[in-house]
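Heads up, the next two complexes both have subunit A, just with different partners, subunit B and then subunit C.
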Partner chain A sequence: MSNNEHDVTRRQFLNYTLTGVGGFMAAGMLMPMLRFAVDPLLQNKTSGKMVAVTNVSQLTNEPQRFTFKVKKVDGWHTFEEQKIAYIYKKENGEILALSPICTHLGCTVSWNDPAFPNEFHCPCHGGRYTKSGINIPGTPPPEPLHVYDQKVKGGTVYLGEDHPRGGS
Partner chain B sequence: MLAKLYDWIDERLDITPMWRDLADHEVPEHVNPAYHFSAFVYCFGGLTFFTIVIQILSGMFLVMYYVPDIDRAWDSVFYLQNKVAYGQIVRGMHHWGASVTIVMVFLHTLRVFFTGAYKKPRELNWIVGVLLFFVILGLGFTGYLLPWDMKALFATKVGLQIAASVPFIGGWIQTLLQGSDVVGAQTLARFFAIHVFFLPAVLLGLLAAHFIMIRRQGISGPL
Partner chain C sequence: MKWEVKDIEMYLQEKQYIDSVIIPLIPFSWGGQLLHSVREGEYIQILSKEIEKQLRGRVIMVPPFTYLRGESLEKSLERLKNWENELKESGIQFIFYLTSDADWKQIETQLDKLLWLPAVPLEHIESKHRVKFIDDGVGDLLKQITQEWQVRVQN
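After this line comes the complex of A and B, so read on.
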C-alpha cells in the first residue's frame, strides 16, 4: 500500500499514536494524584448540631458575651472549637445572637469598649457596628455581623451555624 | 497558537538545539529491543528512572496530608489513605513503587555487571551507581518509619541496632540517626527530613552526574 493519496506519513502516524498512548499513561498516573490534592475542595461540608449555650432567663436587653463549644473534625484532627456569641433580647422580645467575627477581615469585635460605648468595635482596623450588628458607614466592614441560627427549648437557648444577613 | 508561542520563545532563546540534542540522539541497534528482543535488559536503567519519578511525584502529594509527629503520623496516614479521594492509589503507588524501584535498580545493576559495562572508561559511573543504590536504600529505610505503626517502629529499631553494630563508631551513628536515646518523636522528625529533603536532593544530584556521564561516554558497545 502506498500512502501517496493519504496525507498521514508513517512518521506522523507513529508520532500521533505514541503521543496518544503516552498521554493516556501520563494522565493515568497524574489524575489520581491531582484528585487527591484537590480533595478539600470537593469534601461536602458537615453542618454541626445545635448547641445549648445559656438560659433564656440570663438574657437582658444588653448584648452579653457567651462562649460555647462545637465539635470540629479537621482531617485527622478532632477538636472542640470555642465560639463566641453576643446575645440579647430585642424590644419586641426576639432573641438576637450575633457572631463577633468582623466582616471586614475576620478579627474579633467586642461590645461596649470604653472608647466606643454601645457599639461593637473591632480593634484591627477600627470597624464599628451598632447594637443590632449593623456596620456603621465610613468604617471598613462591608456588611453587618453574621447571625447565628437559634432556637429556644425548655428555657434553654441553642445556637447553630452563623449566616450573613445581607444589606449593609 | 502554541507554535507561535514556541517560535516567540525560540527566537529569543534559541531553545531548539536543547531538545533536538536529545530527540535526534540515536539509540544504537544493540540496545534497541525492536531489533534484538533480548536488548530489553537495557531498559532497566530507564525503568529505574521512571519509578523514581513516580516516587518523587507521589511523595510530593503524600506530604500534603502527612504529618511527622508521633501523636498524629498514623492518623494522618489513615486519613489520607481512607478518607481522601484516591488516597489508597496514591499511597499505593508510593508503597509498592518503593519496592519496584529497588528491584529495578537491582536488575539494572545486573545488566551492567553481566555486559561488563562497568569497565574502563566507565568506572566512575559504576561508583556513582553504587552511591545511587545506597541513597535509594536510605530512602526506603527512612520512609518505612513514617507511617508510625508497629511494623515501622520495630523495623527501624532493628535497622538502628544494625547501625549500632558498626565497630567503634556504631553507638554514635545510632544516636545521630535516632536523634534521642529512644526511637521516638525526634527519630520520626529526623527520618522525615532525611526522607523528603536530604536524600532526594542527593539523589537528583547523583542522577544528573549519572546521565551526564552516559551522554559523554555513550552506551557500552555490543557484546
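After this line comes the complex of A and C, so read on.
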C-alpha cells in the first residue's frame, strides 16, 4: 500500500520536475528569439552615444593620442572596448579625430615614429599616411584613415563612431 | 588575427601579408603552485589580446601551448617543435613565443624568438596603474616584434 502511494508521489514529483525543466528549455529557446527581435533597438541606444574624450584646451596642431572606452554588444555579451583616437586642430581651427586602425589589414598605426617624422606609420607592412590621415600612394593602405564623429560641448570633445571618408 | 573563422578566412585570402604567429606558452599545475601558474597564464592572455589588436594585420595569435609545470623542458620542447614544424612547412616565417615562465629562457636559443617577461601581480595593483603596466609591457613587446621583422628583412 505504502509502496503505491510512493509511486504516485514519485510520478507527481517527476511530472513537476519535467514540467519545470521543459519550462526552462522553452524559455531558453524563446529568450534569444526575443532578444533578436529587440536587439537592434538596444544596440542603437548604446552605439549612437558619444563619449567625452578630452578638453578642447588640451588640443594642439600636433596629433595627440587619446584613449577612451565604449560599450560594445557582441551577441549577449556586453563589454568595454578601448579605442584610440589621434586628435588635433587644423590650421582653420577645425578639429580632426582620426582612428589609428590601418585601412590595409587593421594594424594600429602610430604618429611621428622617429623613422617617419610627421606621418602616421603602420608597423605591419609599412603603410604611411599624411598628418590628416591621407594614405600615401605606393604604400599598401587602399584608403585614408577613418574619421570619428565628433562634437564639442562646453569645452569638452566628444567622439562617436568612426567612418571611412571618400577619395584619397 | 584571432583564432576565429572570420579572421582565418581573411588570412587565407591575404596570405602574402600574414607571415607571423604568436604562441603563448602557459604552464599548468595544481597544488602549491596553483596561484603562481594562474597568474602567469592570466597575464600572458591579457598581453596576447592587446598585441593581437595592434598587429592583427600581420600576426595570428594561436591557441596557447600548455604543459604541466613538472614536465621536463626537453619534452615540452619536443612537443613544441612539432608545432613549429607544422607552421614552417606552411610558410609561416616568424614564430614568437610569449611567456612569463622563466624556465624557457634556458633554451631560448633553440626557439625562433622568445618573448619573456615576468608576470605582474595585477590583482594587487590599482586599476588605473594596471592599464599603464599593461601598456608598458605591450609597448616593449611590440618593439621586440617589429625589430625582429626589420632585422630579418635586412639580412
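Following the convention adopted for this analysis, the second predicted complex is superposed on the first by the 121 of 168 C-alpha atoms of A that agree within 3 Å, B and C clash if a C-alpha of one lies under 4 Å from a C-alpha of the other, contacts with A are read in each partner's own complex, and residues count from 1 in each chain.
Quick note on the criterion: contacts are C-beta pairs under 8 Å (C-beta built on N, C-alpha and C of every residue); 3 or more make two chains touch, one makes a residue touch a chain.
Predicted, not measured: the structure shown is a model, and the values here were computed from it.
Contacts of A:M29 after superposition on the shared chain: subunit B is touched, whereas subunit C is not. Applying the stated contact rule after C-alpha superposition, one finds that A:G106 touches subunit C and leaves subunit B untouched. Judged by the touch definition given at the top, the superposed model places A:G75 against subunit B, while subunit C stays out of reach. Of the two partner chains placed by the overlay, only subunit C lies in contact with A:H125; subunit B stays clear of it.
Within subunit A, no residue touches subunit B in one complex and subunit C in the other.
Contacts from subunit A toward subunit C in the complex involve residues 102, 104-108, 122-125, 140. For subunit B in complex with subunit A, the residues that touch the partner chain are 54, 57-58, 61, 64-65, 67, 72, 75-76, 78-80, 83-87, 89-90, 93. For subunit A in complex with subunit B, the touching residues are 29-30, 32-33, 35-37, 39, 42, 75-77. Within the complex formed with subunit A, the subunit C residues making contact are 10, 14, 17-18, 53-58, 142, 146, 149.
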